[in-house]
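Here the chain labels run A, B, C and D in written order, and each chain numbers its own residues starting at 1.
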């Protein structure tokens, strides 16, 4: 998972502080590194990148003082590949034909095949990101106009990509034909924005215009917006349903659907699909399950309570994993309110179970605090398959629901009962056409034609 | 406001990592600086202090590696005096009679008078904290045993103090005769703890034993706990009611009362005292009003919703207050969920109104997002008087409720209606005897005999 | 100017701390950035690079703890291109055929032409260093063995290069056919070294074996040293004479000649060519002229004195160029000893005059301290032409001796007399065959066939 | 050893950047910490202090921007007590009677006795510096005017002190009645300066006025300079001769004597007292012996050569003392020029022998480089006694010359011959009356009445 943001002023006014603030609003999509690239007055591309949260990786005042009307930014999620600065984005490439900058959210499933091919023809790769293949594909078409080279490069790509680029003093956005990752367009006075989520438009005071369509390339220049199509036919849409379940911020709107409302609807579905009428109260796993828990409470009529408090400095403070800290376990982060728990039958709602360890610890803690019964309810179907489209899921062996059925899992986490919604419930709560939602991590139905190891260029 | 923590192992085992973790649990009581002092194997006192959050100010692994069975710690709140490291606590003093360390939560109302007197007798003060007078009072009784010198020093003090000290290889806790600030005792195996709030005991796995009584001195040594009395007669108790309203963590228990339950009760009282039957939903100011809002919802039957999302990186990320950021205002921190707000009549619950600016901005933002009506409900009485006992309130001119009556304030913040609970409601919700609660900031009834400028020694 | 160092242990023992220490000995050749690259146990290349002096750019203990038997390092001189980390060396390139690392001292005169050609064929350049063309030339011959690809790449290069590389787990050194920059081989037990100057061998306890010959490629592997020739015929040698005059450390030996002895011989030549019999004493510009001044004193019989003291913390301490500091001028760095200067006729010896400003300020300071006469003597011929082979000289308009003859310059710097040695004197003092010394910066006689803008590949 | 500097503008103009620059010129007197204290517009004293070199410990631009006409500064030498920031100077004390700041060079021999006495009367000491006793002595006379309290405090002190203070908006300088440490007064336009050495006046463009006399207190205020006497009768003067031998910068003038000229005279004396007629050349230990070596060469007629080169980045770069670095030993810092050494008989001149280890390593290195004979000549008498007046000498057991006679020492360091000058030679070369020079470290003749452990107040 990553977040991208772009800004373009038709009057050439300064936009880089807005890029900084946009990344700040998208911080939940990536905490490993952050970067900004822009066009300077001489028409060259510059970039600043750093590791860690946006305010550590970048210097707000430095960006505010740069007079550039065209910039893009990126926040990167911590994945297995390690947090090296060389993998931070935007990537840039300078040639005699000018400079290009690119920021990418998603995962290209055929990147290794393309990289092999290009290296055999003399290309030198600098980063370990799949994004770099797009720059090399463009460079190998040096006889074409660069926007054309870019469009033709997209034809070679498979998998998920929502992109922000700077090409020839224009801001370019593109979204893969399947539409895996969100991407929206906004506007404030003379400034156009593109952003991974609408909450970033809100923060900079931009008005939401529309989503970038799956398969669309949007080119923003001095004369405004222009729209092109990626010359690839996608048999169906694959918008990631996990964005609604967990990843996106609740104040974002994706494909016209409020994420907050979807999460409450998932909670209501859950109360219908897997009720728990004898319980005394409903609570949510902090903070991933709280909104669905409120929906569950609403539909079931059970009272919603906070029975576990999250230390509000967790995440701001790094606690070393010493022997003593391991001993104390989940207590470091979460503290039960014993007065609310003692002798109660409690429903805990969470968004998903991945490895199952967090869930197990939470149940143990609540039982230790005196709960009579603990019933776990999950506001999405069981996650049984890894994601190849940009979400950092563990391997299949590590996915609890891939190894066990629900009854086994219930026993494993020591819940009194454990239950999920179905894929159909999920689709209904999201409210988009069934053919438009990627549910590969639940169903294993990946996009067709994927995972090829060879390429034709 | 500050937080203090102490640990003593009767077997001499290492306790400093627990002090670090205890401070981490008390981080909400002070973010300006943090410090730890301890006895080393040679019987000397050492201290480490730094500015900022606990994990920046102190080094967990360094503390974990120190073999000391007696330590105290302190987190300091940002007050007007500035965040200089010289004011960080614990303070230490080394003399030929050995070393002392002290950590203080509260405010001594007669500190200036004592300091004047001592300076006229040759004392040199190093910090700007009132706490230092205790050390000088002890040093000026160099002929007495040091624990006796400490007890006799307390006789001279007026105002609020919950203290943790190291004296002669023992851990000492003391609480002023009025009992303004909380202080509790806990135990885990061979380790005794003292802490500002019970949530810190929970984090280190300690069992709650009891509160330190107002006017009590607790001395913890190799043979266990011993209790002494401060030789001052307090006419009444003055336990701070604002700890329940706002300051303490909801998972703490003060004088046997769960803070979470008190806050919910305050919300229920509020729904009775100042109902709003035509509203569509209730929400809480994030994060200070959420629990009371849930109580209001419960008592009123109105649905509880989150309609404003707080950027979860606010507080972790420092945003420079540039021109652009001022322009964007509260948007940087809070984002309304328009779908939930549009055309709704909304009750917002908050814990208190100090200057009124936050409240005003919140209302403006919600109205801008399309709310039909906004009704403000406050889960404590109007704050009309400054606190002299350790809470950093502004001067009287800056307190909105000191300058305006409720109707004027309602108009000022542009609420459709604005209302409060009464002092009686507050006392009932807290559930302690009326004579035991300090309500000076609401009523102006300060402790008797206070504010004298002269001293007799 | 830059410095390079390489180490290879035939027993695979750790060598990276020696690379660090070798760079430390070569610090005078570059203070902008430093880097180390090495082969790890998996056969991959890793690199660490940073800006500033060696001890700031790199972590000695980290390098000491890495178990690698093959490493190279680089210190980079501050040139006009700016001190960005992306230009720091060694450069590395990873492909399916393995990884390569390269460190370069010198300047390739046809790099822009090669870069243009390669970009037209799809190459993406990451740095602004001419060194990167070598990596791309190798990558474009992906069908050849990589050592062969390297040798064939050198055929395309013009200009100055002393190189250290890691190719296929071997340490490779190469020196251009003209022999501009020095490069030596050393050995200690099972470890071979290559270094820009012999003083670096001394520091790590290595014995000097021999210079790398102009046009030679040295391959050091588990079986020892192997020598290849660059397939380019160089009509003559071009060993840089400025290394002797100024750049190399006095304790280095280049082509069998002690730099210290050459500098003393230059001073003696200067005393013969441009005597100053009426002077009272001889001094050297600190620190660039001191050794030649000692030679001048020896040949002339005049006493050698230090009359100006350099603050020994200049260079360690950065002084901000505030208004006050500009006012104080050269005083910040240098302080005259008035007692030694007053009423004296003084000869100041320096190695060269570039812009003339330092010389002018020194004379003014000495006159202000009471000198009766100041006579300037330069231990090299006038620098009239820019260097294209790796020394960062200013443009022709900025070179004082390119704009003025000696009399004009004498007047400009306000010396009583000013004089130089001749090119013949220089060659004789160096003691190498005349055809082996590059004197292009004095004579303007650049290597033939240079400066072509086109390339054939 | 430490360095102090003060500046006072009679027009109130800004002086703190000059204090910074003055400390920079005195950096050789202390590298552990640096600090500046000043009077602000409200008449309060502020201080900034830090560890390490001046430019790391302090912020030049911050100081340049402060508008204060009265400031003092201090650089602290690394002594056994450790480099804690709490020991950094200037020390300050604030009381109802105003604030005082103090910076001290020297060592008070009766400080422990005074501290014991004051602690028994309730004083709390914060630092481990003897300087703090002066502040407490002043505070215990709170009924007197503060300048009077200061003067009367000096009566209690024994040992060495050159002081700079801020008292009541005036700059105060004081020097102990024995005159151990240097202290000078300078002036530039409306600004008066005081400094440990005259080289600091030169750097800020100040004209040397005169030394502060032993036993004098100089008070600089808006009306200019005023002089008071310390009411203690000193039987004799005790100006430290080691300042001339080693400590002071060669461009300083102490008591009217140029340090450079004294060092050359010491070298000439040495050539007379301990000639070495068969030697081929003379060299100096870099950098402590170079000037005396030039004097030796001049008097003996032997040529002066540099045969060992000091890495010019030693001191700027911190090299970790790893196993490998210990193995390489002195090579890390010094490199012999073999061509100059081979088969030569060499005289090495150094200023002193303390532990003897440096000397021994230098001899070993030169012999290893092929020297036929190595003759050591020391430009001061043997150091046989510790210094109690501010120079950080080791204990008697560690002083090589306290354990061995010259012949034994010669054998120990493996010199062919080793010789010193006499105390009489030293006095003559310094050129001050014999009764004015402290030679306690050579002779053991300490000031009378010293080392008492009791005090009368």
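We adopt the following convention: a contact is a pair of C-beta atoms (placed from the backbone, for glycine too) under 8 Å apart; a residue touches a chain by one contact, two chains touch by 3 or more.
Quick caveat: nothing in here was measured; it's all calculated off a predicted structure.
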> Can you name the chain that lies farthest from chain A, using the mean of each chain's Cα atoms as its centre?
Replying inline: D
> If you average the CA atoms of chain A and of chain D, how many Å lie between those two points?
Replying inline: 63
>> Need the CA-centroid distance for the pair chain C / chain D, whole Å please.
In response: 38
> If you average the CA atoms of chain A and of chain C, how many Å lie between those two points?
Replying inline: 50
> For chain A, which residues are shared contacts with two or more other chains?
Replying inline: none
> Pairwise, which chains touch?
Replying inline: A-B, A-C, B-D, C-D
>> Give the list of chain D residues in touch with chain B in this complex.
In response: 93-97, 116, 119-126, 135-136, 139-142
>> Which stretch or stretches of chain C touch chain D in the complex?
In response: 17-18, 21, 24-25, 27-28, 53-55, 60-61, 64, 199, 202-205, 249-251, 253, 258, 260-261, 287, 291, 294, 298, 303-306, 309, 311-313, 315-320, 322, 324-325, 327-328, 331-332, 335-337, 339-340
